[in-house]
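Shared between the two complexes below is chain A, which pairs with chain B and chain C, respectively.
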Partner chain A sequence: MNKIKLPILAVAFIAILFLTGCWDNNDVSDVAIVTAIGIDKLEDGRLAMTWQILKPEAAQPGMEGGQAGKAYTNYTAAGLTLNEAHKELIRISGRKPFYGHIQVILLGEKLAKEGIAEFIDIFERQYEFNQTVKVLLTKDMTAQELLEAESDLENLPAIHLMNLVEANIFTGKVIDLPFFKLVMELEREGRSTVISALSSKSKNDKSTIKEMQIEYAGIFRKGKLIGYINTVQVQSLLFIANQIRQTLITTEHPLSPDKQISVEIVRGQAKREVSLSEGRIKGIVYVDALARIAEVHETQYSLKPDIAKIIESETAGRIKQNLVTLIDMAQDNYGTDIFGFGELVYKNEYGFWKSVKDDWDEYFVHMPIDVFVDVKIKRAGLIDKPSKAR
Partner chain B sequence: MQKVRLSGIQLGMLFVGFLYGSSSLLNPAFSALQDGWLAFLIGWMLGIIIIAVYISIYLLNPSQTLIGILKSNFGRFLGTVIGILYAWYFLHLAAIVLRDFGEFSLLVILPNTPLPFIIGCFAALCVYSLKKGIEVTARTGELLIPLIPLASLIVTLGIARLIDFSNIKPVLANGIKPVLTTGFGVLSFPFGETVCFLMVFPLLRKRSTLRKTVFISTVIAGLLLLIIVVRDILALNPQLTQRAAFPAELASKLFPVINIYPLILLNLLIGGTIKVIVCLYASAAAITELSGLSDYKALLSSITGFSVTLSIWLYDNVMQMFEFAVSTYPYYALPFQIIIPVLLLIISIIRRTSERRKTS
Partner chain C sequence: MFKRLSKIIGLRKKENSSSNTAMAADKKQPMVEGIPTDINDLKARVRREFDRCEDIVIRTLEIGQDNFIEMLVVYFDGLVNKDTLNAHVLRPLLIDARIVPLDKSVNKRTIVNIIERNLLDNCEILELTDFNQCVQNILSGNTVLFTEGSDIALATCTKGFATRSVDKPDTESSVRGSREGFVESFRVNTSLLRRRIRTSSLKIEEMTIGQQTNTKVGIAYVEGIVNKRIVDEVISRLSKIKIDGVLGSGTLEELIQDAPLSLMPTVANSEKPDKVAGKLLEGRVAIITDGSPFVLTVPCLFIEAFQTSEDYYSLPFIASFIRMLRFIAFVISMYGPAFYVAMVGFHQSVVPFKLVVTIAAARQGLPFSPFTEAFIMGLTFELLREAGIRMPKPVGQAVSIVGALVLGEASIRAGITGAPMVIVTAITAICSFILTPYTDLLPFARFALLIAANVLGLIGIALVSAAGLVHLCSLRSFGVPFMAPFAPLNLSGLKDTFIRAPLWTMFTRPKELTGIHPDQNRVRMALEISPEDYDGNE
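== the complex of A and B ==
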C-alpha cells in the first residue's frame, strides 16, 4: 500500500505547484476593462480607436475614493488597422484590454461614409469580442467626441448609451442592432442596412449624454453611409421590418380635428411579400397592429364602438401615410432597398433575381409597393371620456 | 487474458459519440450554403448504406477483425499490405481529430497555450482510458454520451429566437452539383469513418443485436447532426456559417446573456475523446494483429505518441487544415471507406456462395 501511496502523493504535490492556474493570470487591476469602443477614420486615412475604460476603484460607491472622480477614462490611438490601434492603445495605457464587457460599438460618421464592412472584421476574427454588442453611429461628430460626453444618470456613459438603445422596446423609434445582426444584414442579398445614429442637439455643447439623442438613423448602401432618416421614419421602417414591440401614434381626433388623440400600439405584426406577374415584381406590405387608446383630449364623444372604429381607421391611415412617405423617400431620395424586398425576391423568385441582382437598387426604385395597414383597438384604459371642466 | 465484451448499448453509445464528436464542431455540410440540410440528408442516407456494407462484411466473416477479414479475403500478402494501410489510416484519423480539437481549444479557450501541450493532454487521457481497456471507455461512454445531445439542445434552444425559416430559400440556387459534392463530403466525414468499428465489432457480446444497435445509433447520431446543420442554416444564416471557422462556437456566442462555452466544450471533450480513443484502439489492435503480438496495450503509448507527433506535423497552419478537410480528405478516404469495403463485401459474398455450393 505505502509503495503505491508515495508516488501518488508526490505527483499530487507536484501538481499543486503547476496546476494553480496562476501562470498567466490577469488581475482586475491589471487589465483595462473596456466598456465601449469608438472607431473613427482620421483625415489621413488612419483608423482611430477609442476605449472607454472602467476604473474599478472609482466605480464602487461607498468605497474610499469612490467620489474621487469619474468612474471611467478614455484613451484614443490610431493606426492603419484596428489591430495596430489596439496595440498602440496598450502601449499608451500600459494595460491589457479585456473586451468581454463592451456595451456599445460606436462608428464615426467619416468611417461610415467610407464604408464599414472592412473595419468590423476584427470583431468577428478575434475570439474575445462579444457578438451581441449594440452598434451605433455618430452623426456630425466623431465617436471619440461622443465618448467624452459624461452621463448624469449612470456611472458609465457606455451603460447610458446601451440603455438608450434598449429603451427601444417601449418607444419603437430606435433600431436595436446587435453586432452579429449587422454582419448578417450587410451580407444579405438585396438589402441595405440602417443603423441608428446619435447626434448632438446643439452644435457646441457636447459635454453630456443628455445633450445627445438618437434622432436619426443612417442608411447604408453596400456598406457605405448615404443619408439619414428621422425617428418617425425609423418607426415606419420598424413597422415594415416587423420589429415593433410598443410605439405611439398621435393623430387628430377624427370628429374634432383640433384635438389630439394618442394611440399606443402594443403589438405590431408585419408581413412583406413580393409577387411576380408579367415579368414585373410588385411588393406588398401588410401591417396588423393591436392598439389601445392612451390619451384623449376630446371631451364631447364617448368611446362608443363606432367611434373606436373611426379612430382605428384614422390611426391606420396615419401609419400608412408614414409608411408610404418612407417608401417614397427610399425609392426617390436614396434609391436603395432598406426593406429587404430584394432579399425576398432572392429567396422566393430566384430565377428572376438572377436577372436583376447586379442592379437591384435601380429596379427597386421603380417597383410598385402596396401598403395595407389594419389597426385593432382593443382597450381604452380606465376611463371613457376625459374629465371636463365646467 | 480475460476476454473483453461490450454490450449492445455500450457499442451504440460509442457509435453515437464517434459520429457526433468532431462533426458537431465542424458542421460537415457548411459548404452547400442554404442547401446544407439536403446535402446532409444525402450524406446521411449514403452513410447508412455504407455502414450496412460494413455490418454485412462483419456478419459474413463472423468473429474476425478487419485485419482477419482482409487476410482471409485478399490472401495473406495483399491482406497484410492493405491491413498496414488501414492501420495507418486509423492512426492518421486519430491525428486529424486530435489536431482539430487542439486548434479549436487554441482558438477559443486556451489562446496562449502551446498546441503540443493541449494535444498531449488529450492524448494522455486517451492512453489512460485505453490502458484500462476499451470496455472502460465504453462504460464511461454509456454515462457521458447522453449529456452531448442535452448540451447541444440547450445551445439550440438558446438561439431559437434567431431562427428564420426563410433562410433555407432559395433551394438549389446553384444547382444540384455542390449539394452532391457536399453530400459526398458528409459521407466521408463522419459516416464513412466508422470503418474503424470493424475492429470493434468482434467485441460485441451478442452478434445478433449488431445490426439493430448500429442502425439505431446511426439514425440517432444523424438526427442530432441534422438538428445542428439545420440550426446553423436557420439561425446563423448560411453565409455566416460558411465563413465561421467553428459554427458551434459562433452559435454559443449568440446565446443570450450568459456564456455557455462549457457546453460546447462538453461536446468537444466527450465526443472528441471517444473518437480519438476508438481510432487509436483500431490502429493499435490492427498493428497488434498484423505483427502477431498478444496484447494491444503494449503498443498504446508508442502509437499515441506517434499520432500526437503526426497531428502536429500534419499542417503548417489552420488554413491548410480546413483546405485538407474540404477538398482532399474525401478523396483520400475514398479507398478506405468505400472501395476496399465494397470489394471485401463482393469477395465475401462470392466466397460464401461457393462454400455453400461445396457443402451442398
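== the complex of A and C ==
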C-alpha cells in the first residue's frame, strides 16, 4: 500500500459513516408497515390499491387499547399501473411502505374476472415483498370494502384474514395459496389456479369480518376468473391435490340411516397418475386416508372391526362421490384442468403433451378419470361405544 | 495502517531501549565493589550510600569478652521485624558472644565464620562480599552485619514488614474451589504455588526488573511438562526490559505482549493459586511479580477466558453447560446492540411480525435513531461501570441506584429511549460480566460492530466479524497460535473448549502448549483409568 492511497481510504471509510441515511437504513418507526394489500379494478379501467397500514402504538399488546383507537388505517389510491397507485399512496400517506410483513393480498372480483396475471408483476419485482403472503379473492365486493371490515377478534383485520386461511389445516376447506405458489401455478402449463374467495354472508352488512366467510373458491382459466366452487368441492380439490391435513366427513350412519356420524380424516394421501394407452390419456386418482371417529350419534353399535369396515367403506364412498362430482363439474361446467393432470402429462408423456398442449383444456374435458378411495379408521377416540341414556 | 503505526512505535521503542541501556551502563554495571575492611572507612561508605535516608538504622556493636570487636548492624526501620532482630541477632552477638571464645587462632577460623556458624541462631544467613549486594539486602529488609577487619558481610533474614494476609480473591470468586488468593508479597505467592505443586520439577527462577524499583520477578514452570522454548522466550523477553519501575504485573504484561497494539491480551492473569497451578500443569509459564496479587501466565489462548478453575471441580455436564452459556454470553455481549440495530434499521422482514409490532410501538415517537440510542445507552453503561468500580463501596450503591432507576426507568418514561433498547443494553451488560478477562475489551468490539451494523446492516456485522476473526487467527502468544485448538484445529484439544469433557477422557496434556517433542511425556493421566473400570466385578 502506498502513501497516497491510505488517507483516501481512511477518508472514504469515515465518509461512509455519515452516509447511513442515504442507504436503505429505514427505522422501523419511520416506515408504514403494510399488513394487507387490496387490489381492485375501477370502472374506468384504472387500478386501485388499498394499504392497510399498521399503527403500532395502538396495536401493541399490554397498552390500554381503548383510547388508542384502531390499530390500523386504510389508504386507497388509484393509477394506471400498480406502481402509479403505489407512488400515489406514498404521496398521500407521507410514508415509505414496508412490504416485508404483509399478511394477505386481496384480489377484487372485477380484477380477477379481467385477468390477474399481469398485475402481480410489481410484487415479483419488489425485493422487499414477502413472497409467502396468502392470496385471497373477494366475491361480490371489492377488496377495498373488505379491508374496511373490522375484526372483533384481532386488532388487525389482516391478521384475522390470515388466520382464516391458516385454520385450513384443521378444516381442510380453504385453499392456502402463498403468493409464490400462485405465480408458479399461473406460469405452469397444464394447470388452472383455484383461489379461495371471501364473501359476505348478507348483502348489506359488510362491517365486520364476522360477517365474512370463505365459502367459495374461484376457478381461473388462463388467469381469468370463470366461476366458483363451494367448500365441499374445495375439500375434494384438496384431497386430489394431496393438501389435506385434517378434515371432517359427515355421513349417515350406515346401519341406522337417520343418525349422523362424523369421521375425521387425520391424514389424506393422494396420488395422481396419468397413463397413455392406445393414444388416449387416462387419469387416475388414488386417495389413501387415515381417519378417526370424531362423533357418533347412533348408540347401538360399538366399534368392532366389522362395523369399522362398514363405516370405512361408507366414508370412502362419500369422499369418492364428492371427488367425482368435482371432476365432472370441472370437466363439464368449467372445462378447465384444476387438478394439474396436464402437468403430469407434461412430465411423464412429453411426446403426447406436445400434440395437445395448445388445447389441453378441450382434451381434459373428455379425459376419463378413475377415482379410488381407501379409508382406514385407526382410532375411535377414548371410547369405542357411545354412552346411552337408559 | 496498523503496520505503519507499529513501525513508528517500534522505532521509538528501539530508541528508548538503546538510551536505556546506555543509561544502565553508566549506572549499574555488574562491577564488584569490595567491602572496606577498616571500620571507619566502612562507616563512611555506608553513611554515604544511605545519605538522607532517614529510616536507616546503623548501629555499632562491640562484641567479645576481652578484646572487643566492632561490628556494624545496618537495617531499615520498618522493613525488619524487631523481635527477630533483637532475639536472634543482637542477643547472640551481645550476650552469647561472651561465652564463645572469639580467638582468631581457634581452628584458623575468622571471626565472621564463628559468628555465622556458632553464634547467630537465625535460620537464613548469607555471606556477601559485594557492597552493592549488601545494599540490595538492606533494601529488601535483611539486616546486614559488617565486622571489623573482614571483607565479608553477613546478611540475616529479619524481614518483617506489614503485608496483607492471604485473602479471598476479589476478581475471581469460586464456589467449590480454593478460596485463597495471591497477595502482594512475592514469597507468599511462591509458597502458595509450591504448596500446590509439591515437586522439585516446579522451578521458580528469579530475576530483578526495574532500574529503580528492583522488583523481584519469578518465572515458574514445571520442568518436564513445559516447552523449553517458551521458558527461554519468556526469560529473554523479561531480561530485555529496561524500565524505571515495575509496580504491578500489568507493566510486565504490556512489555512482553506479542501484539502490543492488539485489543486481545496475549498474556493471561489470575489471582487464584489453584488456577495458576492448573495452568503450570498444562505446560504454561507463570510470572510472579513482587507487589502484585496478579500472576501472569503465558502462553495465553483465546479459549482461556472461557475456562475457569471451577469447571474442573464440578461435574462435566454442569461444567459443559456453563461453558456453553459463556460462549452464548460472549456472542450476546458482542453482537447484542449491533444485531438489534441491524434488525430494526435494515431487516424488519426477518423479525417476526408480532415482534415488529411491539418494537415499532415502543419506538414510536422516539427522538433518536436506533444507532444513536444504542450508542448513548452503551456509553451510559460504560460510565456507570467505571463509576461503580472506582467509587468506594457505599457510594457505589448510589451509582447503581441512579443508573438503574433514574436512567433506565426515567429515560423510557420520558421517551428518550425505547424499552427494547434498554433490555438489549441490560442483557449485553450482564453477559459482558460473565467473561471477566474480556469484560474490558468487549465494548470496543461492541461499538465497532454497532457502527458497522448501522452502515451496512447484517453485511456490516459479517464484515467486521470476518476482519476480527482474521486478526484473532493471526495472533500468537509466545509462539502458540492464539486461536488454538480451533485454528489450527486440534480435535483432541476440542474436548476442553465448548464442552468440558470428563477428566478421564482428557488424558493428554495440551499439545499446542507442551510442544510435540517425542521425548516429552505427554500423558497426564493413566489411560486405563476411567470410572467404568471400578465396576467391582473383579
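We take it that the second predicted complex is superposed on the first by the 357 of 390 C-alpha atoms of A that agree within 3 Å, B and C clash if a C-alpha of one lies under 4 Å from a C-alpha of the other, contacts with A are read in each partner's own complex, and residues count from 1 in each chain.
The working rule: contacts are C-beta pairs under 8 Å (C-beta built on N, C-alpha and C of every residue); 3 or more make two chains touch, one makes a residue touch a chain.
A quick note: this is a predicted structure, and the numbers were derived from the prediction, not measured.
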In the superposed model, does chain B or chain C contact more residues of chain A? C
Let me test your reading of the model: by the given contact rule, A:103 touches which partner, first (chain B), second (chain C), both or neither? second
Taking the superposition as given, does A:6 touch the first partner, chain B, the second, chain C, both, or neither? second
Just chain B (first), just chain C (second), both, or neither: which does A:387 touch? neither
Which of chain B and chain C A:130 touches, first, second, both or neither: both
Pick one for A:277: touches chain B only (first), chain C only (second), both, or neither. neither
Thinking of the overlay built on chain A, is A:302 touched by chain B (first), by chain C (second), by both, or by neither? neither
Answer with first, second, both or neither: which of chain B and chain C does A:29 touch in the superposed model? second
Who does A:204 touch here: chain B (first), chain C (second), both, or neither? neither
In the superposed arrangement, which partner chain does A:54 touch: chain B (first), chain C (second), both, or neither? second
From the superposed pair, tell me which chain A residues show up as contacts to chain B and also as contacts to chain C. 24, 130
Which residues of chain B touch chain A in the complex? 107-108, 111-112, 166, 169-170, 173, 237, 239-240, 243, 250, 253-254, 256
So in the complex, which bits of chain A are touching chain C? 6, 10, 16-17, 19-20, 23-29, 31, 33, 54, 56-57, 59-61, 63, 98, 100-101, 103, 128, 130
The chain A residues in contact with chain B across the complex are 24, 124, 127, 130-132, 180, 183-184, 187-188, 344, 346-348, 350, 353
Looking at the complex, which residues from chain C come into contact with chain A? 1, 4, 344-346, 348-349, 353, 356-366, 369-371, 451, 454-457
